[in-house]
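Below: a set of structures, written as C-alpha cells.
In the two assemblies presented below, chain A is common to both, partnered first by chain B and then by chain C.
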Partner chain A sequence: MNAVGLNITWIIFMPILVIIIGLFYLGAARKITARIQNRYGPPIYQNIIDVIKLFSKKNPTNHGVMFSLGPVMAFSGMLISLLFIPIGNKALLSFNGDIIVLLYLLVIAPLGMALGVGEGGNPMGTIGIARALTLMLGYEVVLVISIISVILYTGSASFMEIIKMQSGGVGHWFIWPLFLSALAMDMALQGMLGEKPFDQPVAPHEVASGPMVEFGGKYLGLLQLYHAIGIVVETGIFVNLFLGGGTLFWWFVKSFAVFFVALLINAVMPRFRIGQAFAFFWTYPAAIGLIGLILVAILK
Partner chain B sequence: MTKAKPPKGLKGWAQGRSLWMLHFCTGCGAIEMPPTMTSRYDMERFGITPMATPRQADLLLITGYLTVKTLKRVIRSYEQMPEPKYVVGFGSCTVNGGMYWDSYNTIKRLDLYLPIDLYIAGCMPRPEAIIDGFTELIEGIKKGKFDGWIRYKENLEYYKRNQAMVMDIRKWSLDAELAERIWNEVQEERRKRFERATVKHVYELAERIPEGLPK
Partner chain C sequence: MMKLLYFIGCFSGGALLAFLLGSFSPLLKKFITFLAVILGAVLFATMGTSTYQLSLLFGNQVIFGIDTLTQFMVWMTLGIAFIVSLVLWSHSELSPTFFALFLLNVLGTVLIFMSRDIVSFFFSWELMSWTAFGMILSDGWEKKRSAAVKYFMWSAAGAYMVLIGFSILFAATSAIRFENIVMSVGRVSHGWLITAIAFLVAGFGVKAAMMPFHVWAPDAYSESPHPFTGFFSGILSKTGVYGIFIAFFYLAARLEAVPMLRVHGTSIFGYIMVWIGAITAFGASLIAVHQEYGKKLLAWSSVSQLGYIIFAFGIADSLGMTGALSHALAHALFKALLFTILAGVIMRTGTDHMASLGGLIKRMPLSFIFAVVGGLALAGIPMTIGFTSKWIIYEAGINGGYIFPTTLIFAASTAAFLYYYRFVYSIFLGPLHEEHQNVKEVPATYWISYILLAIPIFYFGLYPGKLVGIISTILQSYNLPALTTYTATSVTTPLGTFNGMVVGLGFGAALIVGLIVYFIGGRVRKAASQTDKYLAGEVVTNEFELHYSVDFYRFLERKLSWLLKISAQKFYEFIGELIRFVADINRKMFFCGNGQAYLYYMTIVLTILILSIWRIKP
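Let's turn to the complex of A and B:
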C-alpha cells in the first residue's frame, strides 16, 4: 500500500520536478554562456520568470485549432517520452524494448510543432520546421546506430536492465567499453539539443527564431516547458545508456554534466549551413558509430 | 465593462523582470544598442533580451528618426504584439524631431502615432542612459505605472486619425471599420481644403491680373 502511494506521488511529482530542473538548466545555460562571453548574465532562475510572464500574457495571436494544438502536442509528446526514461533508478514504464518505443515517441514532438507551424502559415516558420526535420533525419541515424550497439553489447533493450548491468562504480559504465558509440551519440546529442553548430532551425538571425516565429504568450510558454523537458529527456538517454543512471541526485548531476559539455561547444562554435550539418552527421559521427558497432559485433 | 488595468503583483513583477525587446533599428541611435547588449554593459542581466518577432516581444524600442514609410511598419508590428506591451522612444528624434526637425519625410513627434511609455533623450543616448531608462521602466512596470496599450485602445480614434494624416491605414489596422471610416473622413477633409485653396487662389489671381497688366 505504502509503495503504491509512493508511486502515485512520484507520477504526479516527477514531471513538475523535471520541468523546474529543466528550466534551471536553461537559466544556467544562459548564465554560463554569459560568463564565457565575459558578461555578467541573467540570474539562474530567469527562465522561470520568463515562463510566468508568458503565461500571464493576454490574447496572444491564434491562427486556428491546429495552431493551438501544435504546442500542446509537442509538450505532451515530450511528457510521454519522459515516462520511459528512468530517473534515479525509477522508471514509470519499463519493459524489454522500451528504448525502441522511446525512439518512436521522440518524433511526436517535432511533428506536432510542424502541424502547428503549418497552420500559422509564416514562411519563416516553414523554413525553420523544414530545417528541424532535415536535421532530425541527420542525427536519428547516428542515434540509432549507437543505441543498436548498446543493445548488441548487452543483449537487452530495456533501460532498467542496462542500468543494472552498469551498477558497481565508475569502472562498470558502458562509456569505457563502448567509447566510440558514446562519442557518436554525444555528437548526435548536440543536434538533438539544438546547440550551436546545429541550431539552424531556430537561428534568430536567419529565420527569426524559426518554428516559434508565430507563437507568443502561452503558446510560447508551453514551448519553453517542452524545451525544458526535452533537455532532461535527451541528456537522460545518454546518462542511462553510458553513464550508469544513479540515484536521483547523481542522475541530475550527470545529466547536467552532459548538457554542460554541449554548452561549452555551443559557446565557441559558429553555425553550420543546414546542408553542411546534414553532411556532417552522415559522415564523421555515422562512421564513428559504425566502427563502434562493428567492433562490438566482432569482440562480443 | 471594467476598465483594463496594467498587471501588478506577481504578474507585474515577472513582466518587469523579463522584458523581451523588439528593437526597431531605424535611426543612427541604434549603434548604441550593441554595446548595451554585449560584455561591457550587458543588459541581459536585467532579463532584457532581443527577440526576433513582434509576437514574442513585450517592448518596442524605437531607436531614432522614423520615415513615414517605416512608421507604417512600426505600427503594424506594434499592433501584432500581445498585451501587455510597452513602447520606448529612444533619442531626440522621437521626442521632437531632433536634428531632423525640418525634414520633409520624417515624422517629428512619435507620440502622435503611438502611445509612448518612456523617452530616453539624447542624441544619441549613451549606454548608461539607456540602462538608466530601462531600470526606470522595469521599476515602473513592477508597480503597474505604465499603461500605453490601454491608452492606445481607448483613444484608438485619435491615434488612427493622426496616422491617417500621413499614410494609408486601410486593410491592416486593428479595427478595420474604424480605420476605413477615419481614412475616408480625412480624405474628404483634405479634398475640401484643397478645393477651397484652389478656388481662393484663382480668385486672387483674377483680381491681381488687371493690376499687373501693362498700361
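Let's turn to the complex of A and C:
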C-alpha cells in the first residue's frame, strides 16, 4: 500500500482508536482519583460501559433541533480537530493546516455544545457555558503565548516540522530549552481539560454539572465521546510541541503521562471561584509564559 | 467620461426622484432606490479600469480613476448597498429623505474610492460624512441628537485633520493629483512628511474608529436606522481603511529609507499602528462583552474588528497587507449579515435589549441559522471567510515578530466568542418570552439578503486562495509585496499551510459520522413545555424568569473593572470640562458687563494694531 493510501486508512481508523483509548483514560482517571482518595473506584473500562448504556437508553428529552445538533456538532468538531494533529508520526490531515488552524478548529466543538445548551434553556447550563467561555478567555491567552514561543523558536507553525526538529532522543525535546513555555502551557492545559482547580463550568455542587444538565441518554453519550477525544487531542498538543511526538505507542504513553499530571493536581485541589480562575490565568501562568517568550525572542 | 457622469447622475438623480416622489407612494421610493443601485452596478461593470477627467468652473479639473483596488472596494460597497436596498423593501416607515440620503451616501463612498486628487477626494469625503449624519437624524432630531452630533463633531475633526495633511502636501509639492504628489514627494522634508502622514492617519483613523478616536462609533452605529447600520459599520469605516492605505503606501514607504524612522522592519508609523490596532481590537472586544443591547454589542465588535485591519496594515509586508484587505471584505460581509439579522429581529419584536428577547429560534429559525453563520465568520471558525483573513493576520503578526500585539489580537479573538455567544444566546436561545409567542419569521427580502451574504462567506472560506489571488493582483498593481504561494483552496505562508477545502470536506465527513452516531442511539422524547427541565425539583411556571441574560459575564466584569474603567470617553469629557472651565474664567475676566472696561479693551487692541502697523510699514 502506498503512503497516501496508508494515511487515508489511518484517517479512518485513528478516530476509533482514539475514542477507545480516550474512554480508557477517563476510566483510569476515575480509578486513580479513587485510589488517591482511598476509595476502591470503578473498573477501568467503566466509561465504555457507560457510553453503551447511554446510547441504549430510550427517550431522553429533546428541546429542539439545535439542542440535538449541539452534541453532534461537538463530537464532529472534536473529530475534525483530531485529524489535524499528528498522532504517533502519522500526519493524518495535518499537512493541510498548522497549529493556528487547529486552535480554531478546536473551537467548533465547544461552540456547537454551547448552542445546544442554549436551546436547552436551562439557566444552570448557560451559567456553565458563560463560565467555560470566561475560563477560555483566561487559558487561551496563556496557550497562545506558549505556542507563539514554540513557533518563534522553530520558525514554523507546522506540527510535523516541529516534531521533526525534536527527533533524536529525550535531549532534543523542546521541554528543555522552552521549559517556561511548557510550564505555562501545562497550566493552561489544566484549564482546557477542565480539571480542578478549573472545573467551574461543570461544578456539580454549584450548577448541577453546568452544560450537561439538560442532556441525557445518547446526548450525554455523544458528549462523553467528545470528552474522550478532547482529552487525547488536548494532551496531544503538548506531546507534539514539547515532548517530541514519538511512535504510536510512546505517543499515547506520553499523552497519558501529561494527563496523569493533570489528574494528580485534580485529585487534591479545591475549586477556584470563576473570577479567581480567570485572574489566575492572566497573572502567574501568563507571566511565566511571557518570560519564556521574551527569553526565546532574545536568544533566538 | 460620459460613463462617470451617468454613474453620478444615476445615484444623484435617483436620490432626487426618491425624495420628490417618495412622499406620494412608499413603493416608489423603494423601487427607485433599488433600481438606482442596480443600474449603478451595471454602469460600473461597463466602466472597466480607466481614468476620467471632469472639468469644473474656471478650467479646473478633477480626476477620477478606477484601478484594481478601486474595483475591489467599489464592488464591496455596491454589494452591501444592494443588500441594504433589498432589505429596505420591508421598511416603508423610513422617510423619503432617508432613501435619498442613502443613495447619495453610496455615491459619496464610491467616489472616495475613485478619486485621484485632493479636491475630489475631499469633496466625496464630505458628501459621505454629511449624508451619514443626515441618516442618523432621519428618525427625528430629538432622539438621536447626542449620537448624531458626536458623530458629526468627530467626522469634522477627522476631515480637518485630513485637510491639514493634504494642505501640507499641497504646499510642499504644489500638486493636487495623487500621482504628482507621489512623484514629487521626495522634495518634501522628512519633518513635514511625518507631520502630514500623522495628520492623515489620525484623520482617516477617526473614520476607521481607531482608538482613541473611536468614541463616536458605538453611539453612531447603534443609533443609525437599523437596515442601514450594516452598511455604516461594514463599508463607511472602510473608507478610513482605504485612506490609511493611500496615506501609508503612497507616502510612508518613503520614510522607510531613513534608518532612524525604521522600527522592527517597518516604518515607525507601521509600528505605532500595530500597537494601536492591537489595543483597539483587544479593548473594544472586552467592552463588547459587557453590552446589554445587541446593536451596541455589534458596534463595539466593529470597532474591534477594524483594529485587526489596522494591526495588519501596520505590519505592511505581503502577509500583513493581504490580511488587512481580506479582513476588510470579511468584516463587511459578516457584519452586514449580523446587523441585518438584528434589524430583522428589531422589526419583529421592537427591541434590541437582549434581556427582553430570547427563544426566537422557535419563531425565526432562518434568522438563527444565519446568525450562526455570521457568528462563525465573526469568531473566525475555519470554513468561513473570517478564518481566512484572521489566519493570515495571525501568521503575519507572528512572522513579523510582533509577539505581544499578536497575543493581544488572539485574546481579542477569544473575547469575540464570549460576546458572540452572549448575542446569539440572549436573542435566539433560552426560553421564549410570553409577548413574543406570535412573532413571525422575517420577510423574504431579508432572508434572500442573508443567503446572498452567506454565499461569499463560505466561498472564500473554502477557497481561501481565490481571495488571496484577488488581493495579490491588487497589491502587485501597486508594486507592493504580495503573497504568491497559494492555490485555489490553500494558502501557504512561511509558517504554515491552510487548506480550506480539506477542512471543509473533513468537517462535512465528521458531521456525517456524528449524525450516524446520533441516529444509532434510540428515539427521543419532545419536551412537553418550556418548563420541562431539570430544575432541582423546583416547580416553575411560565412567569418564572429562566433566561440567564442580565449581567451575563458579571464575574469577568468584576475582575476586569480596573481595565474597563479606562475610558477615552471620560478623557474627552474631562478635556471638555477643562475647556469650559478655562473659558468661564475668561468670560468672568473680560465679559464683566462694564462698559468702561470694554472701552479699555478697545483702546488696548487699537493701540496694539496701530503699533504693529507702524512697526511693519518701513
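Just so it is clear, the second predicted complex is superposed on the first by the 292 of 300 C-alpha atoms of A that agree within 3 Å, B and C clash if a C-alpha of one lies under 4 Å from a C-alpha of the other, contacts with A are read in each partner's own complex, and residues count from 1 in each chain.
Rule of thumb we're sticking to: a contact is a pair of C-beta atoms (placed from the backbone, for glycine too) under 8 Å apart; a residue touches a chain by one contact, two chains touch by 3 or more.
Predicted model, so just to flag it, every value in this text is computed and none were measured.
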When the two structures are superposed on chain A, do chain B and chain C clash or fit side by side?
fit
Considering only touches as defined above, state whether A:I21 meets chain B (first), chain C (second), both or neither.
neither
Between chain B (first) and chain C (second), which, if any, makes contact with A:N59: first, second, both or neither?
both
Winner on chain A touched-residue count between chain B and chain C: chain C
Under the stated touch criterion, which partner chain does A:P204 make contact with: chain B (first), chain C (second), both, or neither?
first
Looking at A:Q46 after the superposition, I want to know if it touches chain B, chain C, both of them or none. Which is it: first, second, both, neither?
first
Look at A:V261 in the shared chain and tell me whether it touches chain B only, chain C only, both, or neither; answer first, second, both or neither.
neither
When the two structures are overlaid on chain A, which partner does A:E214 contact: first (chain B), second (chain C), both, or neither?
both
Taking the superposition as given, does A:A34 touch the first partner, chain B, the second, chain C, both, or neither?
first
Please give the least Cα distance, whole angstrom, that chain B and chain C reach in the superposed model.
5
For chain A, give the residues common to its interface with chain B and its interface with chain C.
56-61, 124, 208, 213-214, 217
For the complex, give me every residue of chain B touching chain A.
7, 10-11, 14-15, 17-18, 38-39, 42, 44-47, 50-53, 55-56, 58, 80-84
In the complex, chain A touches chain C at residues 15, 54-66, 68, 71-73, 75-77, 79-80, 83, 93, 95-101, 104-105, 107-108, 111, 114-115, 118-124, 126-127, 129-131, 133-134, 136-137, 140-141, 144-145, 148, 151-152, 155-158, 208, 213-214, 217-218, 221-222, 225, 273-275, 278-279, 293, 297
Interface with chain A, chain C side, in the complex: residues 359, 361-362, 365, 368, 372, 376, 379-382, 387, 390-391, 394-395, 398, 401, 403, 406-407, 410-411, 414-415, 417-418, 421-422, 424-425, 428-431, 490, 494-499, 502-503, 506-507, 510-511, 513-515, 517-518, 520-527, 530, 532-536, 546-548, 552-553, 555-556, 558-559
Of all residues in chain A, which touch chain B in the complex?
30, 34, 37-43, 46, 49-50, 52-53, 56-61, 124, 204-205, 208-209, 212-217, 220
